[in-house]
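Chain nomenclature is as follows: A, B, C, D and E, assigned in order of appearance, with residue numbering initiated at 1 for each chain independently.
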């Protein structure tokens, strides 16, 4: 049975067809956090994004894509997200055991670029034949190529929605007009969440914001309106507000944190700030299986609290 | 019943099918100004164009897209215009309560650019599934990328007209060949209105022109022919004339004016110059709801006078 | 009944379907010059190409697109050519009264460019729904973007011919490799006519050539073969020869001539050189209606002589 | 009846459908050289490629495209190749009298370019409606734009083969990485023939190679393997070998040779080297009709010997 | 009958349809190594990639594409891979005698480029009409144009899989951000294998890696995790691991080795490292037929051991 919280969340997506709502419900109703409206997703695209040895050597079971899908299942994640090849390599073996998100664009680090453009590496057709619940798409607001990305997701999102799939947008500010610090600035991060929402995302993934404000015009407003951004909880609340006043599912990634306690504190801040969950990649699959399950379950316990 | 003024306006669009005429009529026959041939439209794309905090922090109810659609309804606007996500977030809840314009391209400010190119972020298919009466499209005459924009609206406008939708073009001169002052120069503004009309717009939105004349070749003509551009009313009349001698609906935006009286004076000038109305964004949603309703009703009263 | 001259002209287009021939016949059989094989066409795209005030302020009735279509009808022109918006604004009111040519690409002057590329602003589908007899397309031989233009007209021309429309190509040499004088050089002008013919044009519009020869390789041939280019009549004859030895309809434009007598002399030279007529824009619509009719009738009288 | 030589040649094209074989047979079985497996083709695209006066003033009958098609017929050529307009202007009058090759891309000389890109000016659809036996396509190996050309012919060739047409590739090395001498270097010319063959050409047209070897890596091989390239006959044999060991039809062009004897010597070398014939443009149509017929017949006599 | 090893390999491709599995099985079940799960493939695209004389002069029988297909058959290779023209020239004669791989993109060396982009030269439609079992596609990770390549193979791979073909990706790192040594660095080579796997390849071809580590971030991991890369066998094992822990077929090319013993040692290392075989081009066809057969059989014997 669908909980009232999930029903409430689904009610925010009044323009989607029942097929897409059913897939959103699948994502919300799977795993340890099912029915709570919170989500922990395991994403594994680092083989493409950073290279296989950098990603998997530390825990070499992870070279096999089946490892990750199994880890997502046994740790009780809501969903597993990966590029085409990884899903092709495991989808039949675990068919029906966990909702899948096909990451339809990807970017490698074999070229130095100030303004990155990911490559579209798979499609809605692939997502359908692999039994996915959603497609995932990365945009880099701030890149000189962002217009091309926005126009790509326009087509992919329309196709996905027509096919009854959900749309997850990874919105990561990067590009020659932003400082390094600006990539996680709270104003830029909020802007990135807004753009993803306007592009029609059902689920938005952003990085945890710092208290830095990057844009001069925005700075004036943050100061004048005294927007509370002093604590991480406040900043999460602000980002969630930037995505249609909390009426879009916003989840956060943490990067390669070294300290588990820090991750738990972040999850607590996400929860307290009204965030919908975490997307935890390297921090989970770069440790041994039992440690990873334990680690993920602790995070889920925080969200379930 | 359709008023004789609306019938007259519809008669200008002799090449459109009844579906498009019906949607134009919907736009003209809704709200406080229905039947008068004047329009006040609430547009809210600033979350995408300027960022959410800059747009909504001052009146934080505006983070929720439903706020704006409701504001447009309760203040008696003719229509509400917004990007994909904002309409998706509110269209079911207010279905049938106000004509909607889907803003199918958008531009953010996360990159420094002299020659902007908006991204196509949604489509005629989206407009149809969301129950819109029209699509909205921004062109930047003067941008080095204008050819691409004109070719995009060529395809979108053809698709919209075939589907019985109306086409609204935001025509905002910008680009490396124009001075800052030139962006609102009366000659450039008139040129922008003409281009939008030639591209097949049913409704044209331009900025209020200054008395500056930007182009040397145009300056000769304005001087020689003694085109009256001394007052704002005269300039509005000239712009309206530039859009097929007044046989296209031309509405004006004012930007972020600080002084209400100035806005009312502008509305009066638009009305007296034969303009068809205003498109009022930040000036309305950046104040409290009751103040915004009051403010918009005052503007409508000017047009109704 | 179709005259023997028109039958002869139609016989040159042996590869076209009867639909296209019928539309060519419509163009040749309308107005004062019907049946003579000569044509005078009224084109009004200057609102887009130069701006509305520069084009229409001197005779402000011209802000209204209906004015031009009516002028073309009442002065006895063979056809009226204009961009999408202008035809949309008048086609129903004057349906069936004059053959129409939809100008499917256009160029504005809001950007400084050495190598212009017009924007495709309308399509064969638009031409069909507006009841046009032909599409018009501008190419700029000499522009660094000419490959793109040639490939665009390849697609448009194929679609037009399949739909039974005629194809008119405006062939105006411009671009960074040409001197200003070279744009109307007789060799370049003849080359432009040849290119338009090879691209499949039924009707070719070029500028009146000067006696200047631009290209060094061509200069050798003009000198060696003693090609007669001393008088305008000779140059017209040469240009017509360059378009398949006179077996394509070639018409000439004159620009903004200040002196009526000069225009009449040019028309006489066009006629005596075997040209098929004139395309007269600013020179007609920038004077009062009765003067314009009188002026156009004088030109037609020259061609009818 | 098809001769055994033609049957042998057709046997090399085992992957083509009977429609394409029939059109190849049409090309081989027409004119003076029918059945011999040799070909002389009249190509006339110089009006587009060099300009009309440079091409036709010396023999002004050539301004009329019908002149060339008739010349190809009366001189006994195997086929006539020309751009869209030229074929449109003559195809009905001479329908069925000679196999036609539609030159579907073209290049003019109105822009200075180091890396040329021809424009696609017509299509397989045009070739079919004009009754052609083949399409002709130019590639410039060595141009920075060659990738675009190869991808264009990929699509055109596939469409042509599906429609039962033959594919002729003009393979002319040019571009910023080649010296002027390198454009006809024997290694480059052989490479150009190989690329055309790999792209799926049925008939390959290259320039006669000089004894120069352009590429350093190739030079080592030519020296080490003592590839005989001292005489023109040897070089022709090498080029033919480079096109699948002689199992593709390779024909040669000579440019604007001033001396007839030189042309005859070249034809003899082509014949003796195993070449399949000549494509003779300017050298034939730039002289009087009877001289051209006589000249072409002499060349054919060499091939028939 | 399919061996248990082949059944095991096929089980890794759980997301493919039976058509694609059948073609993978054809590749694994042909020739001397049939049923072993090892493969030796003869690829001949050097005529396009390096030029015909550089490729074939040393053994001139190789100018004829039939030579290579016959060599692949008589030496007992699993498959033969070549560009469009080469397959067109031989596919009917040897129909059904060996599985074919159509190399659908190619690159020549007539332009100096730091960031190469191959041209798409044929398509899935061509592969189907020629009776191929698979398409082959080259990507250059590291090239500034890699995004375009990844997006091309996205479309080609989807089409191939829908048509029941297998997909072979040649993954060769090259580009302005890589040093020459970096092109075969073990980290880069492993990354290239991973990218190919993620793009959906069934079979991945990479170069044999050196012990060099190119990327600073990767170097830290190789050092810290003590990834064994000292011997070629270890490096092969690492690369195979990088392609989904050995659950994708990875084969290796060796380039133009001068010393047969070195090739045999390499094959031994590939075998011992868990590689699936070799792709041997120049080293086989650049020697006499009987020597080539002998040479290839020795390599196969190593794999069969």
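Here is the rule we go by: a contact is a pair of C-beta atoms (placed from the backbone, for glycine too) under 8 Å apart; a residue touches a chain by one contact, two chains touch by 3 or more.
Because the structure is a prediction, the values reported are computed rather than measured.
Colleague: Which rotation angle, from 0 to 180°, best lines up the CA atoms of chain B with chain D, given as a multiple of 5?
Modeller: In degrees, rounded to 5: 145.
Colleague: Report, in whole Å, the distance between the mean C-alpha point of chain A and the mean C-alpha point of chain D.
Modeller: About 57 Å separates the centre of chain A from that of chain D.
Colleague: Rounded to a whole Å, what is the gap between the Cα centroids of chain D and chain E?
Modeller: 35
Colleague: Residues touching two or more other chains, restricted to chain B: which are they?
Modeller: Answer for chain B, listing residues that touch two or more other chains: there are none.
Colleague: Name the chains in ring order, counting from chain C in the direction that reaches chain D next.
Modeller: C, D, E, A, B
Colleague: In the complex formed with chain B, which residues of chain A make contact?
Modeller: 12-16, 141-144, 146-147, 150-151, 154, 158, 173, 175-178, 187-188, 190-191, 193-195, 197-201, 215, 217-218, 221-222, 224-225, 227, 238, 241-242, 244-245, 247-248
Colleague: Sort out for me which residues of chain D touch chain C in the complex.
Modeller: Those in contact with chain C are residues 47-48, 50-54, 57-58, 60, 63-65, 83-93, 106, 108-112, 117-123, 125-126, 129-130.
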